[in-house]
Every structure is written in structure tokens, then in C-alpha cells.
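Several structures are given next for inspection.
What follows is chain A paired twice: with chain B in the first complex and chain C in the second.
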Partner chain A sequence: MSGGSDPGSGPDSEASSGGDAQSDPPSDADPASADDPLTRVRESDVSLIVGGFLALYLGYVLVGIVAGLSPRGIFATVTQLTLLIAIYAMLTLSLNLHWGYTGLFNIGIVGFMAVGGYTFLMLTMQVAEPGVRSAGGLGLPFVVGLAGAVVAAAVLGFVVGLPSLRLRADYLAITTIAMAEIVRYFYQSNAFQQVELFGMSLGTGGGSGLVGDSTTPFDRYVYEAGWSEGLVDFLDETFRISGTLGPPIETLFDAIVLLVVVAGFYWLLKRTGGSPFGRVLKAIREDEDVANALGKDTGRFKMKSFMLGCALMGLAGALYVYFQLGNTVNPTVFRPRLTFFVWVALILGGAGSNTGSVLGAALFVGILFRGPLYVKNAVENIVAFPDSPATVAGALGGLLSLDPVPFLAFLFDNMGSLRIILLGVVLIVLMKRRPQGLLGHRKETAAAVPLVPTETTATGGLTPGSEGPEATDGGEPGGGGERP
Partner chain B sequence: MATEKPLEAVLVVVGVLIAGDLVTALLITGSLQFADVGGLVKNGLMRGLVIGLAGVGLSMTYSILNFANFSHGDYITLGAFTGWGVTYLLAGLGEADWTNLILVGAGGGVFGAQLGISITGTTLAVILGLVVAAVATAAAALAVDRAIYKSMRDAGGIPLLITSVGVAFALRYVIALVFGESVRGTTSPDIPSFALPAIDGTVGINAHDLVVLVTGVALMLGVHLLLQRTKLGKAMRAMADNEDLARITGIPTERVVTWTWVLGGGLTGVAGYLLVLWRETLHFRIGWVLLLLVFAAVILGGIGSIYGAIFGGVIIGLTLSLSQIWIPTDFARASAFVIMIVILLVRPQGLFAGRATA
Partner chain C sequence: MSSADAAVEKGAEEEPTLELGVETADLAAVPLRVDGLEKQFGGITAVDGATFEVERGTITGLIGPNGAGKSTTFNLITGFHRPDAGAVYFDGDDVTEDSPHTLARKGLVRTFQIARELSEMTVMENMMLAPKGQSGEQLWRSVLPWTRGGVRAQESENLERTWRTLEFFELDHLWNEYAGNLSGGQRKLLEMARVLMTDPQVVLLDEPLAGVNPSLEKRLLEHLHELTDLGYTFLIVEHDMDVIMQHCEHVIVMHQGRVLAEGTPADIRDNEEVIDAYLGDDL
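Moving on, here comes the complex of A and B:
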């Protein structure tokens, strides 16, 4: 990626990298907008995000059409994709507060998510009488469950942060990942599977996890409400696609709700980052000793930032459990790899940028995480591959006798592993070539009010040269100042 | 002392209480059998030696290259698969298809039990497997360094750490792609064993326990001699202490880095092989799962300290198995992590601090 000369490729760059990995032409979408005065488009973070999402959707739709997938299938895929992107965007935004703004190397994200998700379910599940086989909850309303998840994750953040925030970055990393594992073992253990308390059966469900109520508030007020069933009937009538549009429409509702939450996260973190509080956080990121010397109680600031991020991760965990996992949870969901996926998303988008965080989440989920599987699905719809060889030996044997088909079939059959390899390689290449990600290290004005008539708050290298020295930053390769 | 460091005082009290409880249970109430405790100690020691061996490698790269290598666990896995592939090949040559053998029975072609692999039954195959595990892992570690880390020497600890996560993902799933994702049993069911008399029973020890013990101790002694008696060892210690000073003194730091990867990778590969020999099962997450315990051992002993890594490994191993006496087995690993976190808080420089790579 051409690091130094960012000019002109704000919205372009993510579209073209969308094209790279998926070998389809979504970048066609952008020349239209690129014809506009470039600066105006790139200055708007919203248009960056919307453009990124649209490019991604366009790619998915084009691939689907070319492969001849059913419209309903494409629609369902895209809604599920949006839902997952929204969850990842929340996590990436929270992590950006930790790492991008404050420089706290937290690799225990799953721990906070797990506490959020479990707390949510344990609060909202129906009350179970003692003697029943599975653990029940407290039967509290949905919103109380979410609030509980936020509080529980923040409290865990406090407990973890109190001793460990003063440690070196790599020690903090190891402490947080160990904490996340301890949390997972706690929920996995049968010791607290089911406890009788105050005449109720409570517990963590142990290895088999918890299954929440099948009828949720969303069922009652959204999916099964008259207006939504009417809408589904209307759409089914209008489009006459085989099969009802009900389930994808439900996913769409979920995705919209989650996107609104993401917007809330974005607004909150943007406000936080621009506030005096956020300025101290950035000062800590750059040089904690200096911030300290200027009379800031850096310990307190770090703790507040850490707890806020953890609380948001807990909320994301609860929403993940509710929307993505269908109101059920089990400890295997919260393996450490999920943490690293969020990290890849953040680094892809660019640490230090909220817009980059959302874009990174979209690109990560859309291209790296779900993309390969979707492409596999699409290609299999066109070409019928012969049976894949059972082992790599058969695949390579074919290659030696100049027959690439078994090898390709083998790779295709193992797309699940292949995409993780790809993800690892992308992370390595990013760290070597462009550690600041797509939009990282953007200069943000330190003042709450605009200092100059022209904005300096906007994207990275905005038209180099046009603004004098202060506007050229971020995109410079090697000059990226980097972290402590 | 106690008043200056209240946390350490609390830890000492906790340690004394646990030891007291153990002695009471063994001698006075008799609720614990010596033989049972002996068995747990043996298991903990074996696991601890493997963790310590892998920890020496991690500790060396951590102190000399200044980054926490999160792909270290997958080097353990790599050593296990390459080594066991050779062992399978030598033990089963002529009995089964060689491709199935070298892929350690991927796709269910062959099984370790049917090949009758053990140190007494197929001595040569096991020894050569051990050697290949060391060589292959060292070569892979060196190749990864040349391709990825070398151009990033000055990037700082955290970017390198993040990069190593990418290496870990890629390496782990390349292994999964090549060798398959199944869990397999590797050794013959009948391994010669004998019963060591304990006070009120016996502790069973088999030949593979002895292999782990002998190899582990021998390699650790070797590393000790290398670091203390050779010029390379001196250079390594100097570099771990202060890289700039080392370079000024004329130490060829890049060459020292090469040897660090070779030694660290080799020891890690051996650890992976021995782990499988001892556990008798193999799958592609075996090293990743062990990684945090290895980190725990290294931090416990103090980063850069070889003795510390070994000592830390044994402590972590013993914690894993002896904690079962007091808490449910589900929490064995959690207790090891708690110990690591406590050490990080109370004594972040580790127990063997101030003696880098010695």
C-alpha cells in the first residue's frame, strides 16, 4: 500500500484492498465519488464509513450474482455480515480507547466479554425453582441485564487494572490474557454450575453453558409484532422469492439496532477522545512520565479509561450473546483467539482512529473472516470440485504429476484453516509495512474548538502541502512516531 | 523485611499455611496418602521439566530480542509434529504408506499404538525423532526470524509482539492444514514401568518419564555450561544485559541473535517432542495451550534467567498437579496463572532477578 502518498485514496484505499482479497471489482463504486472534490469527501468520516460498507456490500452482491446464489441467500448473508461487523466494531472501538488513545495493551478482551455475556444471561433468564436440572436466572428485564453486564465488566476491569496498570506494556498484556483465561475456566468449571440460593436455582451452567429464554423482548415487540409480520408478508408478496424473508428480516432488524449502538459507541468515544480527559489519555500514550510531570494523576486516568473500555466490552459481550449466539452462551465461545481477531481488526483500521476502528471491523469481518468462506460457497456454486484428498500428501501428489485440481480442491476444502493463515499473514504484513493501519495516527486537534477556519481534525494526510506543516502526518511511512 | 514488603509477607504466610495443611493431612489426619502425593509430584515434575525446557527458549529470545514471542507455543507444536513424523516413519517403515507415516497418521491412516512406539521398543526411532524435532524447529525459528523479525529489530517490543501473534496464527494453521486437526494417540500402550515404593504405597514410573527426566536435565546442564563456559554464552549474557554496550565491545550481535534462535528453537522442539512422548497424545493446539504456562514459568523465574525458567517451570508444573489437593481440577491452570499474576505484581523482575541469562 502506498503509505507516503495518501492523496486521493481515503475512500479508495479500503475499496481497493477490498478488491485485492476478493478479486472482484467493488472499486468500481468509487471513481464516481472520487471525481468529487477529494478533500470534501475524505474529510467526512461518515462518508468513509458508509463508503466502506457500501463497497463491501457491493462486493458481496456482485460475487453472489456472478456465482448465481439466490437473492434471498445473498440478502441473508449480508444481514448476518452486518450484524457481526457491528459487534466487532463495538469491540474495536472499545479497544481503540485502550490501545489507540491510552496505550494500554489489553489482550484480555474475551474475559470482559465473557463477564458481560454471562452476567446478562444470568440476570435476564427466567427464575428456576430449586430442583430443576438446569440453572436459571433472576428474570430481570432486558435493559437491566445490559446494565448489569456493563457494571460487572467495569468492576472486573477495576479489579484487574488496580494492580496491573502500573506494569510494563508486555506484562500488562500477559496479565490480561491470563485473567481472561481464568474467567473462562471459572465459567467452564462445574463448581458453580448450579447453586441453590434464596430459593432459586442459579449458576454458570459449567461446560454446557446457559440457554436463555426462547421468547425474548425482541420476539414480543419486534419479530412477532403485527407491523413486522405485515412487512414480511408484504415483501414476500412483492418479491416472490422462494422461501420467506422472515428470518433475514429479523436479522436485519437486529443489525440495525446494533448499528445504532455502534453509532452510540462512536459518538461516546469521539467525545471522550476530544475532551480534556481524552487529551490526557493521548498524552499518557505518548509519554506517561511527561503527563505525570505536568501534574496529571496518570494512574487515575489510566484506570478510568481502562474501566470505560472494559465496560463497553462487557456491553458488546452481552449483545454478542443475545444477538449473535441466540440468547445462549457457552465457555468455548470465549477462547483467546477472539481477542486477537479484534486486535487484527483494530490494526487493520488503524489504532488511534475511531473511524479506522469501524472500518477495520468491517474489513476484517467482511474480507478476512467471512469473505473466504463466502467466496468458497460462491465458487462451489459454479464449479463442482472433485472430492478433496484426505491429506496434504494426496494434494501434493497431484501437483507433482502436474494436476493442480486435487491441490486446489484440498485448499478449498480447508478454507477454514486457510483463512486463519491469511489473517496471520495480513497481520504480519501490516506490522511490517503499515503498522499505523489504514487510518491510524491521524492528528486530532488538541483544542475543543476549531483553531483554524479550515479543519485540521479530518483525515490523515489531507492534501499534503495545502495546509502547511501541521496537516501532514500519519501517512508517512517510518515517520509514524509509533508507540512507547 | 516483612514490614517493608507486606505482600511478600502475606505470600510467605500463605505458603506456610499450605505446607502446614499438607503435613497435617499426610501425617496427622491421614486424609492424604503419601503415594498419591508422590504421584502428583512426579506428574508435576515431568510437566514442569517440559515447560521449563520450552521456557528456556522463550526466556532467551525474550531477554536478547526484547519481545514476548507469542508464536513460541506453536514452535512447540512444530517440534512435536516434525519429530513424531520421523519417529512414525522409522517405526512403521514397510508397514504402512510412508506419506501417512510422515504426516503422523493424518486422515486416520496409521495409529501410534499399532506401530508399538516406545523408547525401549523403537529406541532409534524415538532418538532420531527427538533430534529432528530440535533441528526442524531451530531451522523454522531461524527462517521466521530472517523473513519477518530481522527487518524489525528496532521496531520495539509491542509491534514485535503483535507480529508474533500473526506468526502464531499462520504457523498453527499451516500445521493444521498439513497434519490435520485430529487428536491422535502416539505411543504403544505397554511401556516398561516399575513401581517406586512410597511410605504407604507405590508411585508408578515408566520409561518415558525417565526419558523426559534424563533429556531435560541433560539439556539444561548443557545450556548452563554453554552460557558459563563458552564465548558465545558470554556474548549472549552481555547482549541480554545491554545490547548497545555489547555491540560497542565488538560482539557480533546478529550472529548472537542467530544462535539464540537456533538454541531456543532447538530446546523448544525437544520440549514439544518430549511433551507428546509423555502425554501420549498429539494435536495441533498442543503448544498454544501450553504457551501461557510457559510464560508463567519464565516470568516466575525472571525473564532472561535460564535457572529461573527451569525453576519456574517446575514450580508451575507442581502447582498444576498439587493444586488438585485443595481445589477442583478445573482450576489447576487458573491457579498457575494466579501465581504468575501475583509474581508480576509483587516481584515483576522474577525470583531470579538480576542475573540475566545465567
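Moving on, here comes the complex of A and C:
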């Protein structure tokens, strides 16, 4: 309560990273580290992400080497892992806009993905003549398909948001999850399985889904372009991956493309968050009435944020269909658990942090989702388990006679289901121990200019933060280092 | 408390550099008029035909026993509730149907009974949120590279104003602190500072002094007087009679949803009805 206890020296102390502020609240700031460029690099967002990815890869490679997996196998695993991480990172980033920034409780992610994925396929599949067994598409280019996915998901977001964004947060949750199920059942129903229109066979494919052109992106954009051989040779020599390199290289290509898209998502959402627009979103998250009382049309802001996030989820859905599912889609892909996986990733990484979203996606996919299966493969490569007991009773029976082998065999045999239990346990521990997630400190300042006092401001003058205008865009918020 | 005095001096000497203040020359003398407001919640009549005026450049007190309908009146004026009957006029226009954000943009802003700081935003972010007409609040402007320059320029401008306002309220040393980490009194200060960033004409303060220690209360009141001198108008709900009697030019007493009495503090003090209302209720 001793605000301004020393008005005379106030201006000087504020320049030194809010020295006064430290006395009042608990502070974990280390003023000495603020000036150390190495610390800043270490703490910067990009290095956090890159470091996280590298650590994950290192873990996979080490486990693979210890287990004696083939380099080709490890390579394939890691590239597939990257692909999936990229998809989840896009979804988590979009969800972070909804929940981390605006406080919109969207648990219908998978619905927007489905609309994006289906729209993409229905636009880009080859035109099919009437009377053909399965439905075709409009034969439009890839980019048009993506644009269509974005627009369709945004429109769905608008329709869902119109009645429910005015209501309290829980109602949005109910509406979105219901919407996701409606979308899935819509695609599953045979009402529009195959419709003949304008001399074309169109449709949603019903329960059997849609199968697009099977040419992989790599084939289309690299192999047919003719520069794949040199690339394959180069990678073969560099990583000494013996044998033919088909699928892993294709996956690597896909993964790199998707990582570039993730970078685009990150850039877009970082900019959105770090702007006056993002500031209003944060205010809505904190207290919508206050934002309203300060003259912000919160309804419009919520709608914009919601539609943007939905559009990005639609884009992620389309890319998921194209890159991960091999340009095919069927309704069972879009079951609600996908939504909750994305939520787990966001909670892991920390809601409110874009960097945390990407890291959360990497950790979720790398450790919780794919990790157990990989470890299982690795272990089974070393140890040959006897046939596992068919029931829990059989597995525990072995333990009674002090023979852990049946139990372990049972565990490993059921790793696919057990990892979901692991997921739940991790969530519970996280909620108890670190509810804000890894990076959920919400330190990403929302302003288009650094909100840092300069010497001139401190002495009652003008032009604060007039230098380093790019600082909020990429690097450390608030000019770096100052973390009270 | 010596620092409070120093604070006032500091505020006073910096006054000319503040970009605070309202150009009152061509504005109506009565910015806010409330006519026959009524509001029922279920079977309870919370406000029952409240009618009063608030004069420009004054601190007007709105008092009354608990349940007199003061907070509901606030909500009705600022658009958070819709009245069942009656009208609110701001600057001569009927604004009864306006939503809170429209009213705030017109210059009629409120604070809340319990300080509602945006706790996971820094003091600076709290302040920078408030200015109206921010071009960067349009999504495309703040995202597209070639429109961002204008946004930045405006942000820098607002930032300067923010610093000066923070200095006025002596919150500048807390600029990078999360609002949730502030003390109760600092939150009240922050809320008032934030409201001023919206360029208001009339500010409705709902119990601005509740939970504020005496020295800070003194400072807040001094701030209020400085601000009324600058042309701002305040309507205050407050339970502390001493504050009302000493600092308000005009006092409105509400009882059972109606305006019971109106006048200068001296008039109110001697009003038998008012005394009855307070003694008869809960005092």
C-alpha cells in the first residue's frame, strides 16, 4: 500500500526493470540475468521450442539405438512424429486463441477439423461421372481446397457462435461439443452420400468416407519435378540410411511442409495476441463486463476470435486429411477424443502461451501419445515376452507368485489402451502440481509496441518504447529480461 | 502521511502536462439525467421511479440504506440492465437502450463495487486497454505488416498518455506488475486511472473507497477534486457519510428504489426523512 513512497527516486528505479515492484508481490525475477544475452537467447521462445524438439528427438534416437532399431526405422518414426506434432501444434495454437486468449471454452475442435477436411476433399477430388461407384469432387486445385476448408470452418464457427457466444462459457462448451457430434453424424449419414449435380457425382461418402487422389505431396511436388534423386542420395549419404528411401523421405517432406505451416500459425497468432486486438481478447478472458464497461464491443471481439480460431482448425483439419490420412477421410477419424487430445496438449503447454502450445503439442504427441508405443516396440525388440495373459486376473496372478513377467507382458500388450490411462494420470498430476502448465504464465504482453519505460518517460517526457519496435513480434515480451 | 502530501504536490505540479480533462465549453450543464427509472427483479421492485440530474463538473453523491437500489440504478444507467420503464439521458440524448460499450464510447463510464482489475494482465496492459478508437483493435490492422505502422504510432501515443496517468495516480512504479498482485487500494487506483483513459465525461464510481485505507482514501478524494476541476463529472455511491458530506457538492438520497431527498450536504444532514430512512432501516 505504500505506493509512491519515494516519488523522488521513482523515475530512476522504474527504468531498472521495475525494482520497486519486486518488494510488493512475490517475484522470481533475476535482475542480473536481464543483461546477459546468453540468458535471453536461452529464454527466448524460439530456442525453447527448438530445444524441446531436439530433446524429444534425442530421446527417441537414444531409445532406438539402445533397443537396436534400424536407423531407417528410427528415421521413419521421428519424421512421422514430427508430422503429427505439427498437426497438433496447429490445433493447439488455434485452441490457445480460443481458450488461452479469449477464454472461449471450445470443446468441438474436431467438428471444425472435420468440416475443413471434408470440404478440402470435396473440392479437390477428381470429378466423377454420374453412375460411378463412389462420390467425386470438384477437381479444384490444392490451394482452393485449403481456402475452402478455412472458409467453411469459419462459417460454421459463425453459425455456432451466433447463438452461443452471448451466453456463459459453459453453454458455448455444450454447443460446440454437440456441434462436433452433429457434424460427424452428418458426414456419417447416407443422406448426402452421393448426389448427382450438374452432371457430376458429388457427396460426403457416408460411412465409407471419401478417397482422394493417392498421389502423395512428395510425388507431386518433388518427385515429378525431378529433383528427388539428388535429395534422396544426399540424405542417404548424410544419414547413412540404407535401402530404398521412399516413405520416410516423403514423410520428411510432409513434416517440413507442415512445420512451415506451424511457423505461419505461430506468427499469425503471436501477432494477433500481441496487438491491441489481443489485448481486448485478454480482457474478455479476465472479465468481460470490464471490457464492455471500457467501451469494447465484446460480442464482436469474441466472434472474430472464435471465427479465426475455427478457420485455423479447419485448415489444420484439411492438412491432417491430406498429409496424415493420405488424402482420405472417413467419419470415424473425427471422434471427440481428438478434441480432448488437443486440450491435453494445451493444458500441458500452458494456456495463454503460444510457445507453450507448440511445446505442449510436442510433449503430448512425443511422450504421451506416441511415446508409450515406441517404448513398447523398443522393449519388445530387446526382450521377447511370452504370450501375454488374456485377462487382468491372469496378469495379476503372476504377481502373486512373484513372477512379474506375465504382468509386464500384459502391460506391454495393452500399451495402446494404457497410454490413455497414463494421459489421465498426467492430467491429474498436472492439475494438482502445475495447473498453469509448462509456460502458462501468460507473460506474452499484448501491445503493438514494447511497454517499457525509457529514460525520457521516466523524467516525465515523451516517446516511451520508441526504439526496438519489433521486440514484441518475435522475441521476449516487454523488452526482455524483465519478469517480475 | 507525508508521501500523500508529496503525492498531491507532485500531481498538482504535473497537472499542466497531463492530457486529462474535458473540453466543457460547448457541452450541456447537465450531462446525465435520469427520468422515472423502474426495474423489477421477480417480485422485488429494486428501482421504483428514480429521477435525478447530475451537474457537470461536480461530485454528486448517491446514498441510501442497503437495498435502496443504488447499484441497480448504476446498472440501469450504464446499460448493464435494461429498465422496465423510464429513461436515461446523456448529453441530452436518450441512451436508455444503449449497451455498456456504446455508452463508454460516448463518455459515460462506470467502475465496479469490487475493484475488477484484469488480474492476469499487467498494470500497463490494463491501462492500454482503455483508450477508445484504437485502430489496432481491428484484427487485420494489427496482423498485416503494412498496416501495422499506424497501429504502432497510435500505441506509442497512448503509451505516453498512460505513463502520465499512471504517474498522476502514482502507479508508475508498478507498470509491469500483474494487476492481480496489487493491493486492494492500488486496484481501486488502477481502476480509476483506467477509466480516465477512456476519455470519459461522466464517471460513475460504485463505492470507490470501500476497503481503502484512510491515507489512500485521502489521496483518492484529492484526485477526484483535481479531476472535477479538469471538467470531469462524478456520480459516487458511498457509504461513508463523512466523505459524502465533506466532498460532494450535491447529494441524492435513495430509499426503497425512489429518490427520497436531494440537495446540498447541509440540506441532507437536516432532512428528517433521510434520518428516518436510515434509522428505520438498518442503522
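By our rule, the second predicted complex is superposed on the first by the 393 of 484 C-alpha atoms of A that agree within 3 Å, B and C clash if a C-alpha of one lies under 4 Å from a C-alpha of the other, contacts with A are read in each partner's own complex, and residues count from 1 in each chain.
In the analysis below, a residue touches a chain if its C-beta (ideal position, glycine included) is under 8 Å from a C-beta of that chain, and two chains touch if they have at least 3 such contacts.
Everything numeric in this text was worked out from a predicted model, so none of it was measured.
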Touched partner set for A:N414, first chain B, second chain C, both or neither: first
First, second, both or neither for A:L294, with chain B first and chain C second: second
Contacts of A:V195 with chain B and chain C, given as first, second, both or neither: neither
Partner with the higher number of touched chain A residues, chain C or chain B: C
Contacts of A:K282 with chain B and chain C, given as first, second, both or neither: second
Touching partner for A:P435 - first (chain B), second (chain C), both, neither: first
Touched partner set for A:V425, first chain B, second chain C, both or neither: first
First (chain B), second (chain C), both or neither touched by A:R271: second
Touched partner set for A:S164, first chain B, second chain C, both or neither: first
First, second, both or neither for A:L308, with chain B first and chain C second: second
Residues on chain A lying within both footprints (that of chain B and that of chain C): 482, 484
Interface residues, chain B side, partner chain A - complex: 67-68, 99-100, 103, 106-107, 109, 148, 151-152, 155-159, 161-163, 165-174, 176-181, 292, 295-296, 299, 328, 330-331, 333-334, 337-338, 340-341, 344-345, 348
In the complex with chain A, residue positions of chain C that touch it: 3, 6-7, 10, 14, 17, 78, 80, 99-101, 104-105, 109-112, 116, 118-122, 124-125, 128-130, 132, 134-139, 142-143, 148, 151-152, 155-156, 159-160, 163-164, 167, 170-178, 181-183, 185-186, 189, 194-195, 198, 213, 216
Residue ranges of chain A in contact with chain C within the complex: 1-7, 10-11, 13-14, 17-18, 20-21, 24-26, 268, 271-272, 275-280, 282-283, 285-287, 289-298, 301, 304, 308, 352, 442, 445-449, 451, 453, 457, 460, 462-466, 469, 478, 482, 484
In the complex, chain A residues that touch chain B: 105, 163-164, 167-171, 173-175, 177-179, 181-182, 185-186, 188-191, 337, 340, 343-344, 347, 390-394, 397, 414, 417-418, 420-421, 423-428, 431-432, 435, 482-484
